[in-house]
Structure formats: structure tokens, C-alpha cells
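The following pair of complexes shares a single chain, chain A, combined with chain B in the former and chain C in the latter.
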Partner chain A sequence: MNTVCSLAKVVVLEMVRRKDFYVLFILTVLLTGTAGSVNLFNDRSIVRYLKEICLLLIWLSSLVMAITCTARQIPMEREQRTIFPLLAKPVTRGQFLLGKFLGCWLAVGMALAVFYFFFGLVSASREQQWPVLNYVQAAWLHWVMLGVVVAFTLLGSIVFAAPSSNGTICFVVSVGILLLGRHLNKVALGLPQPWQSLLYGSYFVIPHLELFDVRDLIIHNWELIPWGMVGLATLYAAAYAAVFLLAAIWVFRRRPLN
Partner chain B sequence: MEATVAIENLRVEYRSRELGLATKVAVRGLSLAVGQGEVFGFLGPNGAGKTSTMNVLLGFVPPSAGSARIFGVDVREPIARQRIGYLPEQTYYYKFLTAEELLHFYAGIFQIPPAERGARVDQVLKLVELEHARKRQLKTYSKGMQQRAGLAQALINNPDLLILDEPTSGLDPIGRMKVREIIQRLKNEGKTVFFSSHELGEVETVCDRVAILHQGELKAEGRVADLVAQHAASLEQVFLKLVGYHPHP
Partner chain C sequence: MSSHPLLVSALALAVALAAGGRLLVDQQAQRQETGSVLKLLLGESRRAFAMHVFLKADAYFHQGFYPSVFDSPAAAEAKTHLVEATEENHHHEHNHGHAHNQHRDWIEAFGCHFQPSEHRHLEGLGQAREILPWLRLAAELDPQRVETYTVTAYWLREQLNQVKEAEAFLREGLRANPDSYEILFELGRLYAENDRDVPRARIVLELAVEKWLRQEASKVSPDHVSYRQILGQLAALEERAGNLERALAHYFRVYQVSPNPATVQKRIEELRAKLAAPQKPPP
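For the complex of A and B:
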């Protein structure tokens, strides 16, 4: 575990020291701040729409951040050959991948914490209330969902050589699942065979990322989700992340490094 | 006594991904042993199979046939690398880290207890004379400084075996001298050093024994003095003769 943590720490340090990380970060904060401070027609209900826009922005930024940061990890290690002195140490390829996963997930988690905190401050200043537990649940489920995204992007970075193609594929897949995932079974019913079975089967196989999208909890100040359900959702995400990581380790162990 | 490095009938093949291209054999039936405390020079022209052999020793490439063991442990086991220090030919390190951070990172990988890490980092930084630049990111270092930082990371775990891939490549004469002094000091401490180099003069000065590889095959192995006496020529002439190079008159 020490090895995995040491590797994760370096990934976090790298992200903190990279300038492109801050560009997205500052852009999101600026847009959130600006949207949050707009006061259209003195209408209080407009705050809800603004919250929706801000949260969408946070979701998009976090997805871009998670995918781009993860997609470049392995290809960059190979291109800059930093993987060689590292794997010449008593580090297994599995530990290496777990370290990368943990580092990317933690770094994205840190960014999420700042995003949600800042967003919470802005909306609390407009609404005169801050339902902290709603924010905690929404942010936690968001972060857990990103764990699945980071894991499959890591798998993609071993399968696809170019980080750009991997990044694009992972982004399209993630957004596709978020938008269409819950409707796949209904769409399948209208298709001829064998597409119907194929699409219906994929409905049960894909990780349903849309389950973690509980933005309405913050937008409409809904009742809290039972904590047991949050725990189950966390287990669901952990299972998918584990499957993707195991697949990544299995593929990576067979790849010669030279 | 068991050899520190034991290679037996090692064969390394690279299969081409393109159809119609034959499998490339990088190393053919290589056998050699390096004893404890020896400084062993691994020589050969480019493409001779030196790096492939080192890649097998470091676990980057699995042997196609034969075996390689370090301290009696199969090189495919990560634990075989616990007592190794490796210096690559180029400076392949995280350039966004400072030398101190890099060394703390590798110390963590080797499970050096946190209480001892600081002292160990200080010790190796002093050895490679980088104390003054310990807080600077590696990207601000000169080539020679980066190579010395590399040497420091190779020594962080106080290894019993050092594998150095052309350690003085690209260094100026002072840099080369410093690296050579460090190798000499390690030799005096009883460490085993296995290194590849194109600098035959340097090999002659530092090494106890050498192996000369050409087209994946071992052409000669023995003490430098014995090889020189046997062929009645300098090490450079012995090397050129064994790799089949005949200078034009």
C-alpha cells in the first residue's frame, strides 16, 4: 500500500504543478462565480436555473479533467521513459496502475471539493441557506462516479496508443452513458434482432453513471437520499472500477515495455 | 557462493507486429555470472543485445528462453529488484519533482522507514554533490546534474547490485570523472556493479571483468588483463577484433 500511495502522491503533485490544470479550474470558477452573481429580473426562481447551469459546468469540467489527466498517464510514462527507473524498483505493474488510479482519482476529488465548496458559497449567498449534507451526498456520488471513469480511462490508455483518441472515446462513452444509459432498454425494444439483444444486453453490462447524477438534490433542495442507498451506489461503482482496473492490470502485465 | 547475477542460456526474441516480418533475436544463448563485489563491464556495439539483457535483468522484458537470476531470485519476481540500483542511459525521471522529492519518493517505494529517509536522502545527495540544488526541480538541472540525481536515486536503497546503462554517456570530462569516482567508491564498499559502456578506456580503468557481446552472442568474457594478454593487444583492439571490425589500411 505504501508503494501505491507514493505513486499516487507523485500523480497529485504532477497535476498540481501542471499549468493546464489551473486553466480549466479558473475558467470553471469564473463561470460559476459570474453565473451565480447574475440577478435577472429580480426573480428568485432564476437561482435554480443558475444552479443547474453551474452544476452542469462542474460536471463537464470534472469529466474533462478526470479523462484528460488519466488518459495521458501511461502514454506519458512510456514516452518519457520514466516508467523504466520506476519498474526497475520492487514495484509490480499492478501497483503501478493502482497508484496511477488512486492519484488521478484523488486529484480529481480535490478539484471537486474546491468546485463544490465555491459553488456552495455562491448559492448560499443567494439563497441564504446551505444544505451541507445535500452537497456532501451530491459531491460524494459525483466523485465515486468519476472513480469508474478514471478506471476505464486507465484501461483505455493501455489499449489505445494515443491519449487524444483514448480521451475522445472515453468522453463520448461517459457522456453517452450519462445521457442515454437509462433509456437503452427502451430503445432496444424498437430494434430488430440481433441489435435488440445486443443493445438490451449492453444495458445490463455498462456502468450506469447516470445513477450518480443527483444534481437535483442541490438544485431543488430535495430530501436526502437514504445513506444505505448511497453506500450501495458506492459499492456498485467500486465493483465496476475494480473490474476495469483488473482488466487494465491483466492487459498491462502482458505488454512488453521496450 | 551464489553469483549475484546468473544468466543461463538466455534468449530474447522480439516478435514483429507487422505481417511478413521475421522475429528478431536480440540475445542468443547468453550465459554469464557476476560475483559479489565485482565491477563487471558489459561491452558491445550498438544492437549487440546489451540493453535487451539489461531489460531482462530488470524485469522489463521476459526471457524467451533460458533464465536470469539476481541474488538467486528469478528476475520476473519484483522482490529480485529490492537490492538493485538502476541508472538508465538517459535521465528518465519526473522532471517536475525536486531532487529531494524524487529521492523521498523512491525511498518510499523501497519501504525505507520515514524516520530514516531524511538521513538517507542527505547521504546520497552529499555523495553525488547535489546538496546545494536539492530544492530545485530536476528540469532546471544541467545534463550532468540530472545524471548525478539519477545516480542518487540508484543508490537510495543502499543497493548490493548496481546496474548502470552507459552511466557517463553525454557527460563532460568532469562529469565522467565524478561518476567514475563514485563507481570506484562503491567498488571499495564491496558493491557489485554491472555496467554497459562504449568507453573502453573507462572500462579498462574501472572493471574487474568484462563480457563482449556481438549480434546477441557472447564473444569473450574474462578479466581485462587476461583478455589483453591473450590477444596481445589493447582492449580497444580486442573489442574491434571480436566484433569483426577490420580498419582500412
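For the complex of A and C:
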């Protein structure tokens, strides 16, 4: 466990040193500020559109950070040839991958905390209320969803040759699931056999990342999600992340390092 | 790869986007129709975006509980509830053409905890203001979409008591659509009901009738609903102003196009009785 934590710490430090987060955060602040400066019928208390824009930027930024950060981990270690001395020490390939996963996941978690704090400030500046628990739920679900994304990007970084192709594929798949995942069953019902069964089957197989997208609940000030449901969603994400990680370890063990 | 070029590029992009946004804000303040940035960027496709943005306002009205195109294709083609509320002048019960409580599988049943899953409207003090940004954007994207102006003006004056803003927005719509009898009707209604400015309301509503006759009268299936609304507003206005003969003339025109002539006939009889009654001598 100490080995995994040490590897994770290195990844987190690397993320802190890189400029990705700062750039994306400044971009989010600038765009949210611009949207907030629009005069809409001389009413300064309109807030929900601003929350929507801010949350959309947070979601996009977090996906970009999670995917780009994870996708470059293993190729970078290979390119710089640091993977050889690392694995020559008593570090197994499984520990190496777990460390990378934990580091990337923790790093995006830290970034998310800053983003959601900013979102809370934006929201409070106009709504004069701060539903902290709702924000905690939204941030937590967002973070566990990113755990699944980080895990399958890590698998992709072993399967695909270049980090750019892996990043693009993972981004397209994630956005595709977020936009269409919950509708696949409805589309399937309108198709003839065997396409119907195939599509409905894939609907059950894919990780439903859209379940963790509770932006509408936050924007429109809905009540808290039952904590039991949040717990089940966490288990659901953990199961998928575990499957992708095990698959990554299995593939990584069978691949030559060079 | 060093991250500095990335940082510089991303910051340049951020500044460019912020400057673009600022430009949009300034342009909106100047209210220039020609040379719009959105028109320049999106071309004619902006009209499709305008419809999407208008539906977004409707989704906001329902606090995010809204069918997607996958849930009910018919619902997407139907009139939005914002428009229905404007026409009927009251909130009413409606459904979305899909049953959210009937889940097809366990993923849907589980997922309903993580998205709005109950039919609610924006109600309470000034809550309706939240739909305004999307309506404003819809008007920017497609200034020829008359419905956007009438719906926005209705919510501004009826729900938010922002009569001046409603009038300014309708005038903006009128500049973009000078022949619109719908916008003239809404403007006349604003003068009649909010400003109590009878002469101004009369001029605007009579102009609306004129525009309607010029555009719709010769059509195979003219827009009788709008015609009845304009004439009804005009008749009520004259009646309140004490011009019973003028009111009667308008009611006769309503009678000719009404789907329920008996009700109009009853109103006509009442007015005739009022006219026939001896005038009280001034004290």
C-alpha cells in the first residue's frame, strides 16, 4: 500500500506542477464572469443560467484533465525510460497501475474541490444561499464518475499506441455515454431484431456515467438525493472502475515494456 | 512537451473567448440587428439553435423535468407550455406525453433518483425570471421568431411586473418584424392592461387588425385565434372606455369567426341592453 501511495503522490505532485489545471480554472472563471456580466432585462438576480454555464465548464474541464492526465502517464514513463528502474525495484505492475490510478484520481479530486468551491461562490453571490450538502453530493458523484473515466483511460493507454489517440477515443466515448447513455434502451426498442437485442445488451454493459450527472438537480435547487442512492451509485462506479483496472493489470502483465 | 506553449495558447483562447463574450454584451446593449456576431458565426443555422434555446426556457419553466427527443418525438413538435400559458393566460394541468414513473428497466428506475423526476413549475416570487436568459438568447439567435417576443413580454409583465422591459423588448421585436400583428397585439394588451393608456392601446390594436387583414384574410386557413384575441381585446377596451357602439361593432366581427358564437351573442345582447337603457342624467 505504501508503494501505491508513493506512486500516487508523485502523480499528484506532477499534476500540481503542470499548468493544465490553472489554465482550465482561469478559463472557467473568465467565461463564467463574462456570462454573469450580461444585463438581462435589468435583473441581477437571475442565476440558474449562470449555474448551468459554470457547471458545464467544470464538467468539461474535469473530463479533459482526467483523460489527458491519465492518458500520458504510462507512455511518458516509457518515453523517458523511467518505467524500467521503477519496475526493477520491488514494485509489481499491478502496484504501478494502482498508483497511477490513485494519483490521477486524487489529483482530479483536488481540482474538483477548487472548481466546486468557485461554483458555490458564484451561486451564493446571487442566490444568497449555500446548500452545501447538495454541492457535496454533486461533487462526490462527479468524482466517483471520474474514477471510472480514469480507469478506462488507463486501460486505453495500454491498449492504444499513442496518448493522443487514447485521449480522443476516451473523450468521445465519455461524452457519448453522457449524452446518449440513458436513451440507448429507447432507441433499441425502435429497432428490428437482432439489432434491438444487441443495442439493449450494450445498454446494460456500458458504464452509465450520466447517472452521476446531477447538474439539473443543482441548477434547479431540487432536494437532496437519498444518501442510500448515493452509496449505491458509488458502489456501481467502484465496480466498473475495478473491472477496468483489473483488465488494465491483466493486459499490462502480458505486454512487453518496450 | 513543455506546457508553456499550451498555457500561452489556452490563455490566449480564454482572452479571445472573453473578448468575444464582451463584444456580444456590447452589441446587445447597442441593439444592432445588422452585422450581428451570432449571425456572422452561425449563419442560418442559428435559427435551429434558437428553437433549441427556446425549448431550454420551457425546460427551465419545468425545473429541468422535461422530455428529450427520445422520450416523446410528438412532445417536441407540440406547443411549449410557455406558449400555452401565454395564450390561455393561466396555468393549467398538462402532461409531457411520457410516463416518468413507468421505468423500462432497473437502470432507468435507479437513474430517476439522479435527475428531476417530478412535474413542477417555476412558481413563487419572481421565479419565472430564470427563463428569461434563454428567451433573450433565442431572440438574439433568430430575431424573426415572433413567438419569442410575445412569450417573453407576457412573462415579464404578467409574472415579473417588469412592464417597461416588456415594452422595450416588444418594440425590439417590432423593429425586427414590422408586420407582425402578434407583437402589435401583445403591445396593445400591455398598453390596455398595464399602462391603462386607452388611446395608445386603441391605435396599436387597430393597426394589428389591419395587419391581420392584410396578411391572413385571403388565406385558405387564416389565423382566427389571433384575430379573435385582437378584436376581443379591442372590444373590451372600448367597453371599459364607455364607447359601447364601437365595442358592439368589434363583438360583431368576433361573432363571425368565433367557434362559440352563442357566448358572443350573449355578450352582444348585454351590450345592446346597456345601450338601450336610458342614460342617467348628470347630478
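The rule is short, and it goes like this: the second predicted complex is superposed on the first by the 245 of 258 C-alpha atoms of A that agree within 3 Å, B and C clash if a C-alpha of one lies under 4 Å from a C-alpha of the other, contacts with A are read in each partner's own complex, and residues count from 1 in each chain.
The definition used in the following text is that a residue touches a chain if its C-beta (ideal position, glycine included) is under 8 Å from a C-beta of that chain, and two chains touch if they have at least 3 such contacts.
Predicted, not measured: the structure shown is a model, and the values here were computed from it.
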Check the residue A:88 against both partner chains and state whether it touches chain B (first), chain C (second), both, or neither. first
With both structures fitted on chain A, tell me whether chain B or chain C touches more of chain A's residues. C
So in the superposed three-chain picture, is A:220 touching just chain B, just chain C, both, or none of them (first/second/both/neither)? second
When the two structures are overlaid on chain A, which partner does A:127 contact: first (chain B), second (chain C), both, or neither? neither
What part of chain A is shared between its chain B contacts and its chain C contacts? 18
In the complex, chain C touches chain A at residues 3-4, 6-7, 10-11, 13-15, 17-18, 21-22, 24-25, 28-29, 60, 63-64, 68, 70-71, 104-105, 107-108, 110-111, 113-116, 126, 129-130, 132-134, 136, 156, 160, 162, 165, 169
The answer for chain B against chain A in the complex is residues 14, 51-52, 55, 58-62, 78-79, 81-82, 84, 86-88, 90, 92-94, 96-97, 101, 105-106, 108-111, 150, 153-154, 157, 163
Inside the complex, what are the residues of chain A that reach chain B? 2-3, 5-7, 9-10, 13-14, 17-18, 80-92, 256-258
Can you list the residues on chain A that touch chain C in the complex? 18-20, 22-24, 26-27, 30-31, 33-35, 37-43, 45-49, 141, 182-183, 185-187, 189, 203-204, 208, 210-214, 216-217, 219-220, 222, 225-226, 229, 232-233
